[in-house]
């Protein structure tokens, strides 16, 4: 039985953690989900590290929605660096799933994007612990999570 | 008995630590507050880490008011990265409560914002150690500390 | 028998890992290649660290293609810092091979660049573990990977 | 007997270390000063860490004068991050005292600023180890080192 | 017998390591030089750390020439942060000697600058292990490596 952590925020305007959890369950079995919710994305790094070290998660998804201002972009940058550091300290993957408000022009598209990116990364997280070969088969294939894939060169 | 650390600065133009401490006491019981005041926000990371490791705090609030200049924004960025690092080194949450001078147009609004953000994050800190379920219930609900909440998508 | 790790992404639009592996095999013997594919470049730091610590690689190549947007540049920056940190934590070289989409005006040139930079850095990686003297001979010679070399002053 | 470290640079255009040492002596007793001079501000983080770990300093002041160019601002940023990291690695405060050349319009004002900021931070350093209560009394009071204080809100 | 490490790159357009080594030999005795050449400046942090931990160097010089583009400036920033981190992890000084291509208008001046900065920092490195008092005497004297010194205030 593997443990998959899902860490998300009260700041986000969409329940990305629910999308991720739902998609994981549709994708396969053999795992249990442990959730943790924090105020904002800068609280995610230590939340993920605790899921790994205290809850023994085999992989963690970190979901968040940085706001549209310059200050928010800086927050996202700080959170991302913390997530990378947390991974290096634990030798465990943390899949960052961030949706920036300025990635979509209206709320409906933003909700669509938040849901879809969470789901596509949930499948990535699943594959990383159960089927790493699936990722290997897609090396250099221009895959994108959320919007459409890019064309391989 | 839990220990909640409050670290603040002499640089800030509002006694955010007092607001936080007052709100914590109104919110519940079962904890003791330990305070530490440093000159500026770049001194906060190690002050928080010492509250955690030397004073055995279960969670810490780091309160500060970065100035309005480009240089001040950089200071805030450096302080934030240090706070994230301190959390990763201790597996303990540090709630960053920063109010930027350019978030309000006049001193009165700035004081209002400093007080309210400190109080709302004090409740977050309280919930994180006593009622993590309350945060989980609000995952993806667009909560904001200080000004009004955002609309969930 | 030395172990050379190759970490790449499904995000990239060219199979740089295949180019690197092919070039390594043309360059010499005495090593075995271990591959690992992750979603994006921010997943590379811990993937490389795991190749070093769990798979015992003597050196690792980290290949990726950051997108053209400002946000992508930030991702590349975060990934690079993580790769440097992973090296410092393991005392092992990780050769970063990033090709930015805006380095070429059309897809054909971009593919050419991705292939050639991967191959030239594959030879660097090979030399670093088998012939460090070859690098020493070229100190300060203005070598470039991908496009043409620069003129020594 | 406490030990106070003073680390400064040959790059600075004012002997800030001398100002700091002089002010410390005027402020109180019960400590000994240990000095260390390095070429530039990027050499300060490890110099401070050595003062703490090898010379057993209880607190360190890191004094420097970043130049006026964009490149210099980046150096200051890198140095600041290193100083924060050094503090987190040692659980010891390092008071950063940087004076940027563009903070003053002429050399005379710059010298005044370098002297005064060094002295005011020397008193901060002294208080941090001997009278932390004095800092606590000034929480949120808008104190500034160098130029005049800001008005509390 | 002290050990001085010299780490440089094949990317640089001037053999700065040779200048540094030559100057060290003119400056004094009592040391042996150990050299290490890597592809680019981002490979320098771990190369320096290996010189310190595996080759037992007492101090290391890290020499490189970042290119003129925005991307190159970012590389230099990442390398600098890695060098500071390597120092903090080893309690050992690493003297960064970077020459940016845009610091000079023509190749001849750039070569002059690369040579002279390497030599002046070689004397700094020598003094740091054999005559720290010489640095202390020059605290706050506005010393610059490469071009002329600045005027003390």
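By letter and in written order, the chains are A, B, C, D and E; residue numbering begins at 1 in each of them.
Convention: contacts are C-beta pairs under 8 Å (C-beta built on N, C-alpha and C of every residue); 3 or more make two chains touch, one makes a residue touch a chain.
All values reported here derive from a predicted model rather than from experimental measurement.
Colleague: Taking shared residue numbers divided by all residue numbers at the interface, is the value for chain A and chain B over half (same) or under half (different)?
Modeller: different
Colleague: Distance from the CA centroid of chain B to that of chain C, rounded to the nearest Å?
Modeller: Their C-alpha centroids are separated by 41 Å.
Colleague: Measure off the straight-line distance from the CA centroid of chain A to the CA centroid of chain C, and report it in whole Å.
Modeller: 25
Colleague: Multi-chain contacts in chain E: which residues touch at least two other chains?
Modeller: Residues 81, 85.
Colleague: Based on which chains touch which, is the overall arrangement a line, ring, star, complete graph, or other?
Modeller: Graph shape here is a ring: one loop, exactly two partners per chain.
Colleague: Just walk me round the ring: chain C, then chain E, then whatever comes after, in order.
Modeller: C, E, D, B, A
Colleague: Would you mind writing out the residues of chain A in touch with chain B in their complex?
Modeller: Going by the criterion above, the answer is residues 8-18, 35-39, 42-43, 45-47, 49-50, 53-54, 71, 74-75, 78-79, 81-82, 85-86, 89, 107-108, 110-111, 114.
Colleague: With touch defined as at the start, can you tell me which chain D residues reach chain B in the complex?
Modeller: Residues of chain D touching chain B: 73, 77, 80-81, 83-85, 87-88, 91-96, 100, 121, 124, 128, 132, 135-136, 138-145, 150-153.
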